[in-house]
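Please go over the structures that come below.
One chain, subunit A, links the two complexes that follow: it is found with subunit B in the first and with subunit C in the second.
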Partner chain A sequence: MSEKLLEIRDLSVHFNTFEGVARVLDGVCLTLYEGEVLGLIGESGSGKTVTGLTVLRLLPISAKVVSGSVYFHDDNLLVLPEYKLRDIRGGGISLVFQEPGTSLNPVAKVGDQLMDVLKLHQQIGDNNAVRAKAMELLEAVNMPRPSLVMSQYPHQLSAGMQQRVAIAMAIASNPELLIADEPTSSLDVTVGKRILELMIYLKEKRTISSLLFITHSFGIISEICDRVAAMYAGNIVEYGDVYTMLHKCCHPYTKGLINSVLDIDKKRSELKPMKGTIPRLINPPSGCGFHPRCPERMDKCPVEKPNLNPIAKNHFVACHAYEK
Partner chain B sequence: MLTCSLTLFIPTLTLELGTNSMFKFITQAIKRSLRRSKLARFSTGYLILLLVIIIFGPYLAPSDPLALDLEHTVQPPSMEYPFGTDGMGRCILSRIIYGARLTSLAGFVAILVGMTVGIPLGLISGYCRGKIDTVIMMGMETLMGFPYLLLVIVLITMLGPSLPNAMVAIGIWIMPYYTRLARASALSIKEQEFIEAARMSGESNFSIILRYIFPNSISPIIVWSTIYYARAILMAAGLGFLGLGAQPPIPEWGAMTAIGREYIFVAPHVLFFPSIIILLTALSFNIWGDLLRDILDPRLRGME
Partner chain C sequence: MVYLYSDLDKNNPLLVIEGLVQYFPRRGIKRREDKIMFAVDNVNLSVFKSETLGLVGESGSGKTTLGRTILRLLEPKSGAIYFRGQDIVHLNSKQMRMLRVKMQMVFQNPHSSLNPRMTAGQTIGRPLKVFGRAKKSEISDRVKNALQMVGLIPDDCSKYPHEFSGGQRQRIGIARAIVLNPEFLILDEPTSALDVSVQAQILNLLSGLKEQFELTYLFISHDLGVVRHICDRIAVMYKGQLLEIAKTEELLENASHPYTKVLIASVPRITQKPRQKRIPRCAPRTIQLDGAEMDSKCKFYSRCEFRKEECKQKELHLVEIENGHKVRCHLYE
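The block that comes next holds the complex of A and B.
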């Protein structure tokens, strides 16, 4: 495949809380190549969003990066000085947030916000040119009546339109990598589908080149992603291309996730939900984090933490059952 | 007074609402106040009257506020002198009319001094936290620790007693309250996602404070300003009364009450008229502040 764009190595992030230290990320390794769409899937609280935020160093004060590195091209983003990082934020890497309504400044017009981003990252001196470019962006995200939307405030738009604006802002600076943090989760299904179609369309038009797509729906993964990483309790548990992950997945957690999706082709299909909930990260289970919920538990599991091992080409699993 | 408060609010409101909706906003505010209660109707009417007096003062005043008429000292209200005359035979009504300009200016300058220094400090302190926050807030809390009159008297003693100095001193007294208010707003706003989104798009800290935090924290600041405007007027009058503000023969309301004090048993109207005007003005501004709070509160927005 092509060149490595983003490489996360052994990333651990701890949060200091009143009750103790929560190990939110515990040795995450992830590689994203140029021009691919990588899906990051997992239950709520498995550390997907934190991974996305760590890449741009947007973590809250209570979080601490304990170990690891995040390489974007040749720069380690975790040690880069603030002024260089500001060029990468928005310029090299952009983020689309989960809640479109809260990620826009409520007291500034949509057009002004878009133009701000454009002025910040692209050397266009002329105000009219910037305005024209902003209109172009709104058209690119299929916004109905862009000239009207330019002079409206975020609260006057619907959630779907707000998310379109957020995407327009994210792609305004032609980022090399776009991180989409559950961009469809807070929208209702039909609107979410249109946003997803928009992302696919932008990908095909090469407006977005590489994409890290954070989600908890396999349906979305199968629509858009090239490769998928499944995350559980701050670890990557399985990692492979989308076909392998959907049809030949090995890790009991990934199987559980797929079993909890309804199969509409079968006449009478039953959901097989996973038992239990995600563990408390302040006092995580010993060994493999999934063992208390795992149907294929072995004696070794509570004792030793499994490593991410390759079991086929481009397919990695962190499970004792698949160790050679 | 209303002109002053409007010149103060127009830039901030324009930031929030845009020029076109500005006019709509003011008419809406007045309409709503008229619908609301007798008290609100009264204060709106009173403030409009004051506005007229401030603008057209010299044409409305029946006589020169500085002209002495030593044949008619401490006269009760009459056709020639509607509010009577003071110890020097000066027309009290004319002095009140001219004094409206000075007093409103005093409140305006004081608020402006407090705002221009206090708000940026508060926003920086709330946004940056850490050591900067500790240092700024320690300074402000030290200022707040002084009894207000003592603080203002100390400042005026240093600067010298005059109306402009009194305005600055009151401004310094108000400043920490603005800092605290701005800091509190900044603290809650900076945790919201659009700030994170702004940082994500590579905005500098300075522009985040200026373009994201400040416009979003404006509503409480406007409301506070009306209430502190009233307090500043009261304080300016109080300082005038103590002889630390406007010096005679300047027609300032507080200084006028100080003159009236000498005649309280002989001719109570000399004290009564300026005092009641100060009271009504402060009261009207407070009622309007309450009204603005309702209008600017996002939770109540769009209810009509």
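The block that comes next holds the complex of A and C.
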């Protein structure tokens, strides 16, 4: 097996709110190997985005990392001094956000924004060389008419093109890991499909080497990911390769997620939505966080929190029903 | 009970739209650059009683504008709208208001379509008050009844929108629309702002309500996966025009218009087999709009795989290729 690139160990993040402390991440363990695409799936509010942000220490001021570590190669990113982390942000690990419109600077030209990234991480002094490199990047993400786009402002581009610019900026410094936080969910279906194809294409061309793909759609997971982790209320509840997760998943939450997918190939009668909604994290349910919504609840569930146990090779489940 | 297209009373549609046009002026920097943008361009459509008609298309295709124009929230620029055989374009505002009791709308974003300073009870009771449909003493009972119908508890009526989750807020939006016992509901992407698991809950709620009250839906969405699960017929819209209309199964199995095929292919699917490594043959590109579609008769010209020179010039019509399946494309003329 290839080497570990990113290892998140027992990560807990709490947010201070007016109503109390929200336990947004509650002991997350996750490993990403070199060259793989790891999908992180869950409903909104399950802590997917916070996991992504914690890796680069981009959390808002109200958040506090209570315990855990994030190892990128041999560095613990959570204790790394700020000046070293600056090199990793955008250099070793970069991020693509959900809303392309809000992640670009509205008052700077696309070209200037791209060139800023290059100047910072690639140490190219010559302005013309930087400009040429920026054009190359826009071509790499298949932007039509890159020379024109260089001198345009973000609002002059469509959402799909804005997302392409954001991806170009993220791959500018050849990062070892790209974290994509729902890059297609705010786009049209047709445009989203093209962005997804672009990411698969860049992955095949090895422009992107490893990818942490955060999404709430199993359709997207099945198209791009190698391994998948399902997240619920700040915990990883199931973890396995994409085929196992889609067809042999065990955790009732993963099953529920798959059953509520509005797949175009599915018959109308097959739609079985999960009951209830995600719990409030300020006062989470005791024991297994999923027990109030779980159709397979046992007496043990509200009392004891299940651990992530292996049930097959590379398949881990946190559920009392699958404990030996 | 699922209504099939063939069972529907074809001679007596609930809503008929004929040649509906809606446009907006788009001001250029100079006066001579002023343009007109057609958001709804000569649309003909019938919605039959007790059916759910899906309206699909990308953003900017005019779906929402069409929905709002039908309710005359936007005044149609030309064309006719008949509701139960009555022309509603020429009704005065007072008559139109009385008719809106029968035609209601559920909006896309439950976060912005509810007044943050009104409790759920006030929001739902408001239409009853405005339209004078209930006595003061009855309002609270009707509101509590509506809350129960959408799966909330009566005690929720004193809560404010921020105390609810996204799915619950959308339920309030639906309760507000059905409290007047309407016949026709326009659902403008009611699930697109919601989580996957909540989406499924809302869709099941809507199907349940439809059966219970014999409602007719116009369901606007950009997601064919969603539309497939709730609609009896689907109309595909692009740049203000209808390109294809057919029964749901027919449209998904025998999609005829190149645009419909693109839409269907774009839906991410759960593959049934272990995935083979897919290598895209060529790098996917964004579409280059070279202004060709401005002059051509077919609006889809610049993106079409099968375009020919004649697509630019020949006038296009919706042609019936099978029972109830209509397409606007040269390939089928």
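One rule holds for everything that comes next: the second predicted complex is superposed on the first by the 316 of 324 C-alpha atoms of A that agree within 3 Å, B and C clash if a C-alpha of one lies under 4 Å from a C-alpha of the other, contacts with A are read in each partner's own complex, and residues count from 1 in each chain.
Please note the rule applied: a residue touches a chain if its C-beta (ideal position, glycine included) is under 8 Å from a C-beta of that chain, and two chains touch if they have at least 3 such contacts.
This one's a predicted model, so the numbers in the text were calculated from it and none came from an experiment.
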Combined model on subunit A: subunit C and subunit B, fit or clash: fit
Subunit B versus subunit C as contact partner of A:264, first or second or both or neither: second
Which of subunit B and subunit C A:295 touches, first, second, both or neither: neither
Comparison of subunit B and subunit C by subunit A residues contacted: C
Arrangement angle, subunit B at one end, subunit C at the other, subunit A at the vertex (C-alpha, nearest 10°): 80
Partner chain in contact with A:160 - subunit B first, subunit C second, else both or neither: second
Touching partner for A:107 - first (subunit B), second (subunit C), both, neither: first
Which of subunit B and subunit C A:121 touches, first, second, both or neither: first
Partner chain in contact with A:81 - subunit B first, subunit C second, else both or neither: neither
Superposition-derived minimum Cα distance between subunit C and subunit B (Å): 6
Subunit A contact footprint on subunit C (complex, rising order): 58-59, 165-168, 195-201, 203-204, 222-226, 228-230, 252, 262-271, 274-275, 277-280, 283-288
Of subunit A, residues touching subunit B in the complex: 56, 58, 61, 86-91, 94-95, 97, 99, 102-109, 116-117, 120-121, 166, 169-170, 172-173
Complex contact set, residues of subunit B against subunit A: 15-16, 18, 129, 192-194, 196-204, 211-212, 215-216, 218
Partner subunit C, residues of subunit A touching it in the complex: 43-44, 142-145, 158, 160-161, 164, 188-194, 196-198, 200-201, 204, 216-220, 222-223, 242-243, 246, 256-266, 268, 271-275, 277-278
